[in-house]
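Encoded as structure tokens, the structure appears first; notes follow it.
Chains: A, B and C, in written order; residue numbering restarts at 1 for each.
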């Protein structure tokens, strides 16, 4: 039977007002890499601890391979976890650290040795086996922590921000390594992070969380191209998406001096227009619909300039940030015409912030 | 800090010169203040009776004024090795007990959310302020009732108790600094709570236990009032009481030499502890008092 | 749903805590409660130590007991004098130890030595230092020509009090230095650099940075020392035995004599109760200032 993790209507309340996890349901199958992504305090770590059994849900269930494990202690669940601090036992050697979980499960010593040998081969840990964690570099510790979980052959891997203690250079390298490593395990992986790059690069699916609720559960591509609501749209993507709250008239949004058609069938009084800075470009021709504005800040990001533009409008000034190629030599206070390609515009409800579905022909649905 | 105003220059020129003169003097005074009484007692213990009684005092005795006689006389008068043994036994036993009882309680207070945790902590804090004189009368009752007079337990139990608050406070602040991830990892690995405490938490706790143990050992070694009250048999007395009771045959004949020798012998173990574990002592005292 | 994780945590917690609570209750709570109970009885040689309920008689007797009031006065003088001297001296030493100089580690070690040594034996050393014939204090004063004949330090009530205060200051100043030094080390050095750039003198930065930020440590040290000094026993018992003529007798010594020499258990218990209540009062006042200073310090940073 394939390995599988299900969370059913999971809720965790510490006190009536402190409820980090509110009604979370999701499934992770074998070979899937699911990332729980969200700002700090969104409940992602609590969900991981609920899966591990380090906390018990106030209501709802954790199912492993279809079996309810909600009332089992962590040691009885056959899960393995990589901690943010790696949590290697400082007084044990690398070998003892990796072996401890197996020994506690009364695994025959021959098998313990062969499994550790295999994992050490896999991760290149042979020279480190007799060292203590204090004698290892950050990257080596991280590997040992991963080895400790792999050797267990668990029903689900849990990873709690395992890259956050590495320096930036190493992080990119290890990120790629983790993807290969866990991709080959054919076991569900649940990964917690607040870093969207990690989420986008590693995952087969991403669960964006905020305030204890699931905001969107989708592939990384869809999370980026079709954010379910204003929160997801703002959280994913850097620099952040531009949001303009604009008035509407006869199925058209009024932006500055231009009018942009709304998605078919919607006709609100006001709407939030979202567009990513990387999709804004400088108008090529005078007949392309565009907004007139004035540059007031240019930030050099190396490959691009992040240009902040103040759009002329009747009322209060609107600011739009655009990620423009270095060929545009824009100085502050120069006028500029910005174009919003209609395909790249996201529309959000003013009140709840939900996505207003666009039925633009260029988008091909595959779900 | 790239611009240098006139006042600034003055300050940087002015201050080192003050430091150059005042600091060495202050350091010297501090050392003198702390060491002089101990050194005087040490010197006295090695002087002959005549040199001790010479007026004006002899600060730099000649070789023929130095002797080990005072130590010999001390051992002739009293079973001083017994006293040292008693102090050592009682201090060690109560230290082990205080750590054995206090560290688990500290762990519970730091990690496990107990109801009434704040009340227990407040109680522990208040109890550190109780002077032993308030306790000896009630303890005397217990000692009599259980017939523990002239029994090492009559000291070991109270010493354990008076050291418990400090143990709990120091160890609690240690456990609070210990990353909780390690315990979570142990539980995911499949450790039961008792095995986790023994196999994972305890090994990491050893340095903190050593720190606390030094403080409790010192406190037990130095205790006076219980030792004075509950132990009357000569060969079971502890060093502080026996030292204080070193009198002469008559009130007029005070054996200054042997008393000095006793003081030196009774303090040597503690001087050694301080010399070896200075850092740990400071660390323990401050984490017990300040963070508690 | 019952939270089994929390429930098990709680069970373990109590299992680990109860031995400590039991020992603390036996050695701290029982004696105090027992003393409260006994203080309502007359138990002395007059009735062959068979308890007779006499209500508040012991407390009424205390009000009339000149010796009690005298010991209370002595305790107050001793406490106020030692604690304030130790605070000033301890602060000075802490400031010295906080400087960087060669051999600082050794000096710090030396500076905590007095605290670690047995008080009873240290009392013997100070008795010898204050000895009227061969004492080193008299010797130095004679050599300096400040006195013509040796002073009988421990034979005069006032001088004896001064002697025990000096001995206690020597013995316990290091404790305060250690606490204050830890506080000094936690003050960020950029505050002093900012003061220096502003052109403040060392005294000004001491007043404006060191003192306010050190206030919590000062009050904690004060709290501990007030309680300890108030219950002083071993040092005075060995140095003077409370003499001469009760000149250095503190409440602790009086309680001990009442119980162990006069075998007046009921009255001794009443003395314990009153001392306990006084101590609680002193500590309550001090901790009031503690919490206030903590609030102020946390507000300042």
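Just so it is clear, contacts are C-beta pairs under 8 Å (C-beta built on N, C-alpha and C of every residue); 3 or more make two chains touch, one makes a residue touch a chain.
Bear in mind the structure is a predicted one, so any value in this text is a computation, not a measurement.
S.K.: Average the C-alpha coordinates of each chain, average all protein C-alpha coordinates together, and give the chain whose average is closest to the overall one.
M.R.: B
S.K.: Tell me which has more C-beta contacts between its two chains, A-B or B-C.
M.R.: B-C
S.K.: Let me have the rounded angstrom distance from the C-alpha centre of chain A over to the C-alpha centre of chain C, please.
M.R.: About 59 Å, centre to centre.
S.K.: Could you please state the distance in Å, as a whole number, between where the Cα atoms of chain A are centred and where those of chain B are centred?
M.R.: Each chain's C-alpha centroid was found; their separation is 55 Å.
S.K.: Which integer distance in Å separates the CA centroid of chain B from that of chain C?
M.R.: Chain B and chain C have C-alpha centres separated by 15 Å.
S.K.: Hey, what residues on chain B touch two or more of the other chains?
M.R.: If we look for residues of chain B contacting two or more partner chains, we find none.
S.K.: Give me the residues of chain C that touch two or more other chains.
M.R.: Residues 6 of chain C touch two or more partner chains.
S.K.: Which parts of chain A, given as residue numbers and ranges, touch two or more other chains?
M.R.: 53-54, 73
S.K.: Using the touch definition from the top, list the residues of chain A that touch chain B in their complex.
M.R.: Listed in rising order, the residues of chain A that touch chain B are 49, 52-54, 73-76, 79-81, 83-91, 100-101, 104-105, 148.
S.K.: Which of the residues in chain B come into contact with chain A in the complex?
M.R.: Contact set of chain B toward chain A: 179, 181-182, 184-192, 195, 200, 203-204.
S.K.: Inside the complex, what are the residues of chain B that reach chain C?
M.R.: Per the touch definition, chain B meets chain C at residues 1, 5, 7-8, 11, 15, 18-19, 23-24, 26-27, 30-31, 33-35, 37-38, 40-41, 44, 52-53, 55-57, 101-102, 104-105, 107-109, 112-115, 120, 123-124, 126-142, 157-158, 160-162, 164-165, 168, 193, 218, 221-222, 224-225, 229, 239-241, 243-244, 246, 256, 259-260, 262-263, 266-267, 270-271, 273-275, 278, 281-282, 285-286, 289-290.
S.K.: Residue numbers of chain C touching chain A in their complex, please.
M.R.: 1, 3-6
S.K.: In their complex, what parts of chain A are in touch with chain C?
M.R.: Going through chain A, the ones touching chain C are 53-59, 71, 73.
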